[in-house]
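The structure appears below as structure tokens.
Going in written order, the chains are labelled A, B and C, and every chain counts its residues from 1.
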Amino acid sequence: MTNREPRVSSTGTPPWKSPVVMSVVLHLVIIVIAIVGWSWMDTPPEPPPRSISARLISPQPEPSPVVEPQDQADREKQKRLEEEKRKQADQARKQEEARKIAEQKAREEQARKEAEAERKKQEALAREKAAKAKEAARQKAEAEAKARAEAKAEEERKRQEEARRKAEEEKRRLEAQRKKEEAERKKREEEARKAAEQKRLEAERRLREQQLEALADEARKAKEAEALKQQQAAAAKAREAQMLSESEKYQALIRERLSQAWYPPSSATEEMTARLQITLLPTGELASVKLVSSSGNTAFDNSALSAVRSLNRYPIPDDRDTFERYFRQFTIEFNPRRLR
Amino acid sequence: MNLSTQTKALALLLSVGLFAGCSTTGETMDEGGAGTGSDVSAIDQEGGSTVYGGGDEGGVSSSGLTDEEKQAAEEQAKQAALREITTFYFDFDTSEIKPEAREVLVAHAKYLASHPQQDVRLEGHADERGTKEYNLALGERRANAVKRFLIVNGASRGQIETVSYGEEKPAVMGSNESAWAQNRRVELVFK
Amino acid sequence: MTQRTRTLSRHVFLAVVIAMTALVNSAHAELLIRITEGADSAIPIAVVPFSESGTMPAGDKVSRIVQDDLTMSGEFRPLPPEKMLSLPSRREDVYFRDWRMLGQRYVLVGELKRSADRVSARYELFDVNRQERILGETASASVNSLRTLGHHISDKVYEAITGVKGAFSTRLAYITRDTFKGKPRYRLQVSDVDGKRARIRLESQEPILSPAWSPDGKKLAYVSFETGKPVIFVHELATGKRTKVADFPGLNSAPAWSDDGRSLLMTLSKDGNAEIYRMDLASGKLTKLTDHWAIDTEAVYDHTGQGIFFTSDRSGGPQIYHMDSLDAEPRRITFGSRYNARPRPDNEGRFVYYVHQRNSAFHIARTNLKTGEETILTRTSSDESPSISPNGRMLIYATKQGDNSVLTVISADGGAAYSLPASEGDVREPAWGPIVN
């Protein structure tokens, strides 16, 4: 449509009536409609929360049927308006064309008259010459002149006939061309209109689709998020279990190492229990140890402390989370069950 | 066989004893503590020697023996031969007199009955197994068992003295069943 | 709006669940590891040879005595000095890392100084893992009593680590038997617990049996056959004064002291059968404690000083019995085999130790008085005369080595065995003396 513009403007029609303006207007109208369309899209008081489930999809598009009729009327009105405008443009165009034909005819008449005048002037000149020679060769020339005159007249007639035919032909051609151009233009305009309409509908559809898509997307995302959350929960649970089993493994290792390192004093009895809270570094090295509950026997307490301190490195899981949860700080209870 | 074992054991004991004697002497000398000497009280006691029953010889005339007399003499000889046996053996941790010992013990009892002036000492022993004090009691019980048997068979209580040495005076050295069997015993010592 | 509320409540629920999980986790977080068993081996300790200034008498070094004492207890595993990286004698020279690397739990360092006829020992005991000094003292002894000094240090070290009084300064009484000039020779001897500094207290050609220490460690009661039969004597060690306390017809044996040292338990058979009596030493008055056709002997007071343990074959074979008081009904303690005799209880009422026959072998066993559980403590096979150390931690007994009897010390739980140097033939009937302050 844009590349049509120069040709149209060359016709010298007033700018406000030009297709460009109309096209702009049309676009504006579309945009307005689109905005109106948007506005209802925007109107829902609250954007649906991200985390909602799929259930929320159905209520959301509800506003559209309410707004749809109004939109339909608008479009009807718009159509009528456009039709009217189009008719007006057609009429104007017809008048213009009539005027143009008249002008053409006038111009052709003028030319013919001018040629006639010239021809008459030439003829008078010739007649003056002939009159002069008439005396000299009037007899002889009479016939010649007569023949020449006759041939000339014939030629003139033929020429005139030719010119008229040509003019007629040109006129017909012009008319056909004009008609053809008009049809093409009309067709193009119709196509453009249709395309615009199509585009508008397409845009609308796309917008709608986008919105639906967005909604669906959101729902999907929410669903995914939920699934992810559940998956994470399951994974966390599995991890928990894994950490627990890891922890048990290392508990057993620590128990074994400490049992080997512990020399219960001979004063130990099965009633004695010493509790030590120990803190480890992530390397497994002992950071600190605190006697939280004494056995009541210094030698026994010392034997426990000495055992705890004797390990250069505690066996701990590689997994940092498991370490942090279970082995960063824990309690060791020394309580002989099987004294020899 | 027994003899050689005994000899060996004795030799060993002797050599160890010699060693021990040397070192002990050294230690004692070192200590030189006042009163140590007075602590040591070596009691002079002729122990460990078994005195075999003596003096049953009387004037015996060989003339004019009747059959009865002859029988009696034979019986007497047999009894005397039986009385040659003065050691009686026991099973582990028992004080039961074995059947084969009965006839001999009866002979001893009869002899004691017919010789009221004859005293006898019953020395009870145990093998080395078990505890010394229990074995001491066990030795005594064995001696008492023999004592009761003798009394039942005619000996008088006053003739009999018992003593237990427990496992302290083994007849045979060694830690084997044969030695133990020979050490679980009661010896009759006639005075 | 309702949807939002629902969503919100969902969130809240989720949050609660998470918080609860966190709570549960935090409850998990305080891990508890329970250690119910200790190392099965002896405690590694480095007894560093003490530095010396001044001339020391010849003989064993003090630190060597300590090392041997601790080894004998069965509870310690001293590091051989040649394996030590350094020989510090003061704290500033102790590099804990080195000792830790050597696997040592404790380090004992010290220095000896002689001044005139006395030697003083300044010593310190360190816990290697805790890097703390747990004992530091200066002790002195006469120059001729370095063994006394060594045993004293052993006692202190032992007590500092185990919480139990050491028994290394106590004495042993035992009987030796050899042959001298073709005749048997019995000797009653008294020595340090490691068998050193032995002194002969009595010598006889007749058997000597069953030495028993008075509670004050000043007297020994024993059975001597010097008169041809078993007679009980009480022997004052300091003066050598001997008293014949029981010379009744039949057996006079198995003396055992009461806690106050004023009376003796003994076995007499004056009435024909071996029974247990209590004799008041001052008056000589006898109280008959058992009356049974069976053998009743080897009586000893229990840890309360009120009841007694003894051996009786009233069930057919010798077994251990206990009477809660002197007039209580005897209760059988041992059931594990046909032969269990010569009970020796500890001083805490936890165990009773005795001779136990299993198959054809005789072992030392003990029974847990609370549970009745019986444990065989020795691997040797002709074991006799168990005697428990006054701290209840060590046990000495006699066992056969070839044809001779030797003394062996084990920890009371049956740990490592330590044979005392036997230098004089048969060594038998050890009696562990009391701790004397």
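Just so we're on the same page, contacts are C-beta pairs under 8 Å (C-beta built on N, C-alpha and C of every residue); 3 or more make two chains touch, one makes a residue touch a chain.
Labels paired with UniProt names: B = Peptidoglycan-associated protein; C = Tol-Pal system protein TolB.
Keep in mind it's a predicted model, so treat the numbers as computed, not measured.
More inter-chain C-beta contacts link the pair B-C than the other of A-C and B-C.
Averaging Cα coordinates per chain and for the whole protein, the chain whose average falls nearest the overall one is C.
Distance from the chain A centre to the chain B centre is 129 Å, each centre being the mean of its Cα atoms.
Averaged C-alpha coordinates put the centre of chain A at 97 Å from the centre of chain C. Averaging C-alpha coordinates per chain places the centre of chain B 38 Å away from that of chain C. Across the interface of their complex, chain B is touched by residues 176, 178-180, 183-185, 187, 197-207, 209-210, 223-230, 235, 237-240, 242, 250-251, 253-254, 267, 269, 272, 274, 295, 297-298, 311, 313, 317-318, 339, 341-342, 355, 357, 362, 382, 384-385, 400, 403-404, 423-425, 428-429 of chain C.
Chain C meets chain A in the complex at residues 3-4, 7, 11, 25, 28-39, 42-43, 75, 100, 105, 127-130, 134, 160-164, 393, 411, 413-415.
Within the complex, the chain A residues that touch chain C are 46, 49, 51-52, 55-56, 59, 240, 244, 247, 251, 254-255, 258-268, 297-300, 302-307, 309-310, 325-327, 329-340. Only residues 9-10, 12-14, 16-17, 19-21, 23-24, 27-28, 31, 33, 35-36, 38-43, 45, 47-48, 93, 128-134, 136-138, 140-141, 144, 162-166, 168-169, 173-175 of chain B touch chain C when the two sit together in their complex.
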